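Next come two complexes, and both contain chain A; in the first it sits with chain B, in the second with chain C.
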Partner chain A sequence: MNTRIIYALALTLTSCWAHAVEGDPQPSVMWEYFHQRLLDNADFVFDEAVKVSVPPFAEDARQVPIEVDARALPGKVERVMIWAELNPIPQVLTLYPSAELEKFLAVRIRVEQATPIRAALLMDDGIWHVGSARVEAAGGGCSAPSVVRAQEGWEDHLGEIFGARFKAGDNSRLRLSVSHPMDNGLVDSIPEFYVNQAELRDRSGAVLARIDLFSAVSENPTLTLGIKGHPETQLWLRDNNGNEFTADIP
Partner chain B sequence: MRCLLIFLCSSILSFSAWADYQLTPKKIAENTWLLEGSTENFNFENGGNIVNAAFIVTDTGVVVIDTGPSLAYGKALRAAIATVTDKPVIQVLLTHHHPDHVLGNQAFADVPIAALAGSKQLLQEQGNHMAENMYRVVGDWMRGTEVLLPSQLVEAGVLTIGGHPLQLLSLTGHTGADLVILDQRTGVLFAGDLVFYQRALATPNTPGLAAWLADIDTLEKLPWTLIVPGHGPLASDAQPFVQMRDYLTWLDSALREAAQTGMDMNQVLRLPIPERFAQVSLTRYELIRTVSHLYPLYEKQQWQRLDQD
Partner chain C sequence: MKRTRLHQMFALSALCGAMLLHSVGVQAVTDEEILDDANTTHQIVSNGLGLAGQRYSPLATVNVDTVQQLRPVWALSFGGEKQRGQESQPMIKDGVMYVTASYSRVFAMDARTGKELWQYDARLPDGIMPCCDVINRGVALYGDLVIVGTLDAKLVALNKDTGKVVWRKTVADYKAGYSITAAPIVVKGKLITGVSGGEFGIVGKVEAYNPVNGDLIWTRPTVEGHMGYVWKDGKKIESGISGGEAGKTWPGDLWKTGGAAPWLGGSYDAETDSLLFGTSNPSPWNSHMRPGDNLFSSSRLALNPDDGSIKWHFQTTPHDGWDYDGVNELVSFSYEENGKTVKAAATADRNGYFYVLDRSNGKFIRGFPFADKITWAKGLDKDGRPIYDESNRPGAPGEGKQGSSVFVAPAFLGAKNWMPMAYSQDTGLFYVPVNEWGMDIWNEGVTYKKGAAYLGAGFTIRPLNEDYIGVLKAIDPKTGKEVWRYKNYAPLWGGVLATKGNLVFTGNPEGFLMAFDAKTGKKLYEFQTGSGVLGSPVTWEMDGEQYISVVSGWGGAVPLWGGEVAKRVKDYNQGGMVWTFKLPKEHTL
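Let's turn to the complex of A and B:
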């Protein structure tokens, strides 16, 4: 009898604890968890100026495009974190931008099920500004067999980088893609093998942006960054096996 | 008591599950009947009946073109055939491997089911996954449905059945293996999903929009009198071809221009859809899917190799 009461009590407490937070545009039982684990319980605000775009549904759960556009948000960005709240591997990337970067980026990720997608920008006021979106998905994107590995001779193309710089008014858009399986350790006993570090540098080697990547990022990662002006840049990448790849972006 | 309740509930449930597709064959030409589906997306209400199936009552028996989205549909189709003829079904022809066209196969297991070799292979590779997805999107209508592979292969050429010379064309635009059937006796063109009319075209397996456009040219030159699209209403004029060409051309140039200006996928799927396609259903939905299927190919054309090797 007593046990039963304790169970009931525990259940009530857990369900209270797991309640979505007020004002969340994408109410999710996991918000508190990520607020604590990723944002270190710091001050935050759900901010419409952080626009997160995703398709309404994932046509291909292995390649779900995410766009974060916070150009309407004033101030300097210290850090950007993106995660997919209900993914087995939630974290997508952490970006440490310089003042040369626009508040715009896009990346493609894997999702295992329908999930809220968050982008949190730590601004120079010390507050995380959080944008949200939700993608529907039949699921299975994280545990689906690799498309890259199914291609004969994929190893020969490892680390090939494709892309271009596009003019967008006074600024530029860098579009970059690297050939890599981005194994997340969830498929066919293949251990984790993915690009986990990236730096965008100017011609002199000064770092314009540092990015930590996680294995929620899709195979053959595709990244779009907004950068001020029309500079020539370099991309440096390293995977968790220590392979380094570099590219010049004219 | 409990048993009785369970029995009652389950019998009510199973009864409603067979809430039937209400297939009414419409005579469209001599010996030729159409079962026209809606131009909606799959949902729990339509049970996947978004597709056009047809049959020809030849002198020696009935030729069925596509079997629909589920076992229940296949059975309903067979029952509908029996309302207009006593002749047996003697041949099934599948236009391509997509689930809404082939998952009624089980209801025709006793009949030769023919498809292009490419369609059989694609169904073998993708069938179970597509069927699973159908269970997710239309639910209980799918009960008992499993993939049944074609038992016969056909190639381009003329197949004459019971006084109907059927010209078979092997094309590629929609899935890489698309069978088109022109009944040379009636002039009815069963275009399969190479022709969507008043319903946006779907691109999951297309080898490319250029190949699709070339197929539209091939079809239009045939001596047809009536077009049965894979989805959408019947037509006796060239309007479906006009619409397909217009839509494919717009889609191709929109994707190319987007890639040329450096757009990422989310920007592309927000692009405005021209007003002239307003009467075409599901354009935004299919654009979102197409961006996923095809945009990476357009991006690659605009990118250079940048790494130093």
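Let's turn to the complex of A and C:
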């Protein structure tokens, strides 16, 4: 091969995929890539006020709980992004919260191998505040077929939502679970089929939070949101096939 | 609380940030474009190359002198394990091809290169009940939407640039046996679809939806006795019982599970402002359970597109006892006779007769056999009604027993099945894919159970000739004369295309796309696509060149229902591909 081409290629690669950035609590070769792809190269800080909790080891790589607690972070949140850096499908969700939401959420995801988990909050100062954690895993969580679809009559339960609101002092926790295979298209002959849109609404229909979901979210997705006060809410979901589901959470 | 110093970003690397999005400058499809599709060559925005369904193209660059030089330019696989049963007709708009594949999938690809742009895979429940393979016959295009019917009886509208679902509506309950395999059509801003399920005792219906948001506009049941409805300002309003009242042509309450599924969709005649839809067999197959004509089964219907009311009907097989569905396409055309223009419509029925009707009122003009052997009827009377040979109606089952078996031609899969014929405006001939076969058929007792097969009949299909089943026939609709025929070993199951290049294209289960001289029937070209061709070929013009496309992928009803015939085709292999052809530049004369 022409050496000049190699040189040019190497230059391109190094300029695109720089090595771990200074101060990263979970140094990763993929940080720069996601900084460009997801955060659009915007200003950021690694901030311990964004606490990401994961189990030290993924006992079940198809159901790995992630908790993001940024209640210590002052200011208004514009957007929250969560991703698993070394996953084949890295993006987990993007949350667009209203002021009615607490800076707290939890979700279960699939991981394919040990990976840094990032939660980035775009605050009203225009800066992404990034929290990090690392989950160890034996792997394979993304390429195993869903258990749901092997069960007979799964379509009768598709989109069933189990959920409840729990009081947590002045505020509430919403804990929700949805019956859905969340197929990510990585398993042979099983096309993508997953919930990709969600909205949490109050009783008047006003949107409290809009969420874009990706197929890194576990099958039968489990989602926990913190909301201010004790309102009754409604959850609306739509999958990539166009199925829509709603549930009232009194 | 620890926080790293702010990482401020001053320069974007254009090299890394450049995510080039595919942009093809796609324009929205309008009603005018759909109405004019038969006359435009740069795109295909209707099923049938024009709403009349003539499948005729005025393109002639590929012609009898050049067709031998036709070369494939690209092919795209439908991938995975879902190769079988490809019966779609591609659509073309602004350099993008939209084609469906089996299992209710939709593919969009660059029509110049075959590069896939997006793919939609409907997630189908395990309980779907397609009678005759997991096929799909194509999409409708309207505005920015690509609209497909699915095997679980839903309509899905996709964004034509991204393939993302815009809306999705349930047309009927798949657990009761409903499904959709036909391409929906768009007429006067309305999306029109039928349903499948005539083997499960469903009630056939034609429905119109708002293509923009999927709201139901009207529904018209195709079984006598059922109420039709229109929706005005969100209100459901009765719009008359089909056939006036229940019980006129059905005994007891069998009309409640009467079948008559318009499963092949339909066409539209702008001159008479009529939707032309055909209906399937009545349910169950056992005709002794339902004395009477059983309207509107095995019929052609002209519907008013504004409200779905039935303008006229023509029943090809009243009181069907042989599964002679009347769904086959009714193609509008005109011809001169005694100095007058006759506004006609023609159809080649499952029952072996070719009918020419007056499309303004549904009156019978003439009919004649297009199959070599017809035994269930002795002929047609002056109104086109069959003169039955009652000895060839399978006998009534006795108490818990099987009725007497008879050998009848054509077989239940029909002298012609779903595969659309073509009409050449140059030769004035119809090019009809015919199958010469018969069946042993007998009746059995049956009771209706939701979601279970509702036949009351047993059957096995047999070839009539050792050396061929399929015959492509050129038929003169004015005289009934057969001008030429091409015999094919396997049954024909693919659509036909006629062009101004004096050519007729079709494919066969052996895997060949073939081109014939439209006047003589001489085979001028064939290309092995690797698997059986069941799709309908299309042609269009792009960058000054004439392209031809067809899908390939053996499957469909024949290997599933085909008895002795299935043995004949058992070695044909599966494979799902779109093939696209054109002439090398130096051969375009």
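Things to note:
Just so we're on the same page, the second predicted complex is superposed on the first by the 233 of 250 C-alpha atoms of A that agree within 3 Å, B and C clash if a C-alpha of one lies under 4 Å from a C-alpha of the other, contacts with A are read in each partner's own complex, and residues count from 1 in each chain.
Please note the rule applied: a contact is a pair of C-beta atoms (placed from the backbone, for glycine too) under 8 Å apart; a residue touches a chain by one contact, two chains touch by 3 or more.
If you're wondering where the values come from, they're calculated on a predicted model, not measured in any experiment.
After superposition on chain A, the partners chain B and chain C are accommodated together without colliding.
Rounded to the nearest 10, the angle made at the CA centre of chain A by the CA centres of chain B and chain C in the overlaid structures is 100 degrees. In the overlay built on the shared chain, the residue A:Glu152 is in contact with chain C alone; chain B does not reach it. Of the two partner chains placed by the overlay, neither chain B nor chain C lies in contact with A:Glu232. Judged by the touch definition given at the top, the superposed model places A:Asp124 against neither chain B nor chain C. Judged by the touch definition given at the top, the superposed model places A:Gly163 against chain B, while chain C stays out of reach.
Of the two partner chains placed around the shared chain by superposition, chain B is the only one that A:Arg108 touches, whereas chain C remains out of contact.
When the two structures are aligned on the shared chain, A:Phe44 is found in touch with chain C, with no touch to chain B. Of the two partner chains placed by the overlay, only chain B lies in contact with A:Ser177; chain C stays clear of it. Of all Cα pairs spanning chain B and chain C in the superposition, the closest are 15 Å apart.
Comparing which residues of chain A touch chain B with which touch chain C, the overlap is empty.
Against chain C, the residues of chain A that register as touching in their complex are 12, 15-16, 21-24, 36, 41-49, 72, 127, 152-155, 183, 188-189, 191-193, 240-243.
In the complex of the two chains, the chain B residues touching chain A come out as 133, 136, 261-262, 264-267, 269-270, 288-289, 291-293, 296, 299-300, 302-309.
Every residue of chain C that touches chain A in the complex is listed here, in rising order: 1-9, 12-13, 15-17, 80-82, 121-123, 125-127, 156, 164-168.
In the complex of the two chains, the chain A residues touching chain B come out as 53-57, 59-60, 63, 65-67, 106, 108, 138, 159-166, 168, 173, 175-177, 222, 224, 235, 245-249.
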